[in-house]
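Okay, so chain A shows up in both of these, paired with chain B first and chain C after.
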Partner chain A sequence: MLLKVILGVWVLAVIYTAFYLPIPQTGLGDLARIIIFHVPLAWVGVISYLVSMINSIRYLRKEDRFYDIKARCSAELGLLFTMLATITGAIFARSTWGMFWNWDPRQTTVLILLLVYGAYFALRSALPDEKVQARLASVYSIFAFVTVPFLVFIIPRLYHTLHPDPILNVSLQLRIDSFLLLTLIASLVAFSGLFAWIYNLQVRLMVLNDVNRQEILRGD
Partner chain B sequence: MSKKLVIGLIMIIIFSAYAFYNFQSALSPYSTFTQAASRDGQTQVLAFLIDKENIAYNRQTGSLNFTLQDEEGTLAFVTYRGAKPNNFEHAESVVVIGSFKGNHFEAERLLVKCPSKYEEQVEGTK
Partner chain C sequence: MAARLFASIRLASLVAKKDLIEELRTGYTLLTIFLFVVAAVAMTSFVIGPVLIPAELHAVLLWIIIFFASQFIFNRSFVKEEEQGTASALKLSTAPLNVYLGKLLSNLTLLSGLVLLTLFCYYFFVAPPGGGFLLVAAIAIAASTCLAGASTILSALAAKADAGNALFVALVFPVILPILFTAAKLTEVVFRGAIFQEIISGLLFLISIAVVLITLSVLLFDYVWRD
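And now, the complex of A and B:
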């Protein structure tokens, strides 16, 4: 309970700061505020996919359904966060470079990423047998994660893109106002906390559902 | 980790790298002026503003005229009907979407890459 309250206050503080912090008026000016949401959403998306892959490996080793549930919840959240990152990115694009969507390499790769993980759920829903579903989905999730570094980190840095250089850029220079950076880190913590909370809730819910279904199947 | 898993992972990585290498041209929508000249219809050309002093606004036609240089070094005279985007002179690169009409490139849209600065600008540094 205490943790939830702290998280709530933390998130509110981040939102407040995002809109009211004094921001350098050169460069992107007020538009830079969106990175306080956009960047953490993208990072948490990647972390979710990583968690999904780790749980998929665990499932394949132990064959415990619990890990499959975890892998699935985490992939769901990954998809949600990536979608939000894409939407905030499109808004950012509209106001910085002039169009919501122009098939910039950044946009194309994130769309591929969404399709890769969309296919994960298509695969799951296509397999009625739970064991087969869990095993194939685990293997797929591992394959899918291999594409993440390429799609998120490598390709957008190889091509010319209208996307502003990432905060962690190739030249490894942090070109960011220190207070903005602090807010960004606070926001990263907030979104990670939000992820952990939703993930935990969702896993518990699905485990309960699963226990319930098993009991019905056994006729208890 | 078992040997089988390591070999499997290495193979997946090699194949993904190979696949992405082959998809290269499909991933970037941006082309050069030479490519744009040989195509009908709209093309997105990535280029750089070379002559910042010579951005002219024609009041009669309501168009913005300037010269761009693409990555191959080809120069093109561009006209764009519309308001000048903020930060246009400071853009790291620009993308013009349109086609060649005679000897000039007519842009229907003008996109700019803003310098990714999230800090107060210090004169003379980039």
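And now, the complex of A and C:
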């Protein structure tokens, strides 16, 4: 309970800081405020896919349905957070480049990432047998994660992009105001905590649903 | 160890040979691919006419034709095995690794033939700027290896599902798009008149993707293939 209260206060503090505290008016100016949400959303999206892959490997090794449920929940959250990162990115693009969608390499690769994980759920829904579904979805989840480094880190750097330099760029230099950086780190912690909390809730809900369904099938 | 490796390669080549002989006997897939490629390239040439178009447009057109033509190849072998009920016989006759490598080999052979045919037709009918046929062929073979590496295991996944054909497109399209982007970008560079040294890093990138995809598929195929 205490952890949840701390997380709630932390998230509120980040939101307040993002909207109300003054930031330097050089560079992107007030537009930079969206970075406080956009970067952590993208970060949590990638972490979710990583968690999904780890649980998929564990499922293939142990064939325990619990790991499949965990893999599915984290893939769902990954899809949600990536969508939110895409939306916040599009808002930023509208304010800086004049259009929500520009087919910038980063926008294109994030769209492909959404399609990759959309296909994960299409695969699950096309397989009626639960054991086969869990096994094949695990294989696809591992396969899908291999595309993530290419789509997030490599391909956007091969093409000319309008996207601002990533926070951690190729030359490993931080080109961000120190106050904004501090808020961004606080936001990363807040969104990671938020992910852990939602993930935990979702897994527990799905386990309960699963137990109920098994009981109904057995006629208890 | 070496004896086991050679035995595995021999069994995989037998699986590939079986698939290729079957394709040659029925013939209609190969004929469909041939007609599709010739028709698509001829139509492109007719539409472009004497107009000079930029190198990037040539590269994109070439890879769009290869992408659509490759769909005739990828989703066939595993779906056919499941539909004809021969998958069980294949499971009994050899290890999953040999099946995967055999299917990969047959897909790669067909796909390499397809891309070379497309290139010949494209250079004959459309004549892109910059020349560099051998360089584009090297890019096309490297990209084909990536495409075959990804699509072989994904077609085995899709064959297990109810709507295998429709699902295959949904599964494979986003995974192979980065490969197509890279191949099209490299082709554009060659059409601009680049030499081998300028595309070597891109070629190595494609080869590294192929190695990653095939290694991963070898490790995971057993889970897909078992009942």
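As a working rule, the second predicted complex is superposed on the first by the 220 of 220 C-alpha atoms of A that agree within 3 Å, B and C clash if a C-alpha of one lies under 4 Å from a C-alpha of the other, contacts with A are read in each partner's own complex, and residues count from 1 in each chain.
Here is the rule we go by: a contact is a pair of C-beta atoms (placed from the backbone, for glycine too) under 8 Å apart; a residue touches a chain by one contact, two chains touch by 3 or more.
All values derive from a computational prediction rather than experimental measurement.
A.B. asks: Which term applies to chain B and chain C once both are placed on chain A by superposition, clash or fit?
C.D. replies: With chain A as the common anchor, chain B and chain C collide in the superposed model.
A.B. asks: Which partner does A:Ala144 reach: the first (chain B), the second (chain C), both, or neither?
C.D. replies: second
A.B. asks: Regarding the shared-chain residue A:Gln202, is it in contact with chain B (first), chain C (second), both, or neither?
C.D. replies: Neither partner.
A.B. asks: Once the structures are superposed on A, label A:Leu136 by its partner contacts, choosing first (chain B), second (chain C), both or neither.
C.D. replies: In the superposed model, A:Leu136 contacts chain C only, not chain B.
A.B. asks: After the superposition on A, what does A:Tyr159 contact: first (chain B), second (chain C), both or neither?
C.D. replies: both
A.B. asks: Which partner does A:Thr88 reach: the first (chain B), the second (chain C), both, or neither?
C.D. replies: neither
A.B. asks: Just to be sure I read the superposition right, which of the two partners does A:Leu180 touch: chain B = first, chain C = second, or both, or neither?
C.D. replies: Only chain B; A:Leu180 stays clear of chain C.
A.B. asks: So, does A:Ser192 touch the first partner chain B, the second partner chain C, both, or neither?
C.D. replies: In the superposition, A:Ser192 touches no partner, neither chain B nor chain C.
A.B. asks: Tell me the contact category for A:Thr17 with respect to chain B and chain C: first, second, both or neither.
C.D. replies: A:Thr17: touches no partner chain.
A.B. asks: State whether A:Trp103 touches chain B only (first), chain C only (second), both chains, or neither.
C.D. replies: The first partner, chain B, only.
A.B. asks: Overlap of the chain B and chain C footprints on chain A, residue-wise?
C.D. replies: Correct list for chain A: 109, 142-143, 146-147, 150, 154-155, 159.
A.B. asks: Any idea which chain B residues touch chain A in the complex?
C.D. replies: Touch list, chain B to chain A: 9, 12-13, 16-17, 20, 27-30, 44, 46, 71, 85, 93, 95, 97, 109-121.
A.B. asks: Help me check something: in the complex, which residues belonging to chain C touch chain A?
C.D. replies: Touching chain A: residues 150, 153-154, 157, 160-163, 167, 170-171, 173-175, 177-178, 181-182, 185, 205, 209, 212-213, 216-217, 220, 223-224 of chain C.
A.B. asks: Which residues of chain A touch chain B in the complex?
C.D. replies: The touching residues are 24, 26-28, 32, 35, 96-99, 102-105, 108-109, 142-143, 146-147, 150, 154-155, 159-165, 167, 169, 175-177, 180-181.
A.B. asks: Taking the complex as given, what residues does chain A use to touch chain C?
C.D. replies: Per the touch definition, chain A meets chain C at residues 60, 109, 112-113, 115-116, 118-119, 122-123, 126-128, 132, 135-136, 138-140, 142-144, 146-147, 150-151, 154-155, 158-159.
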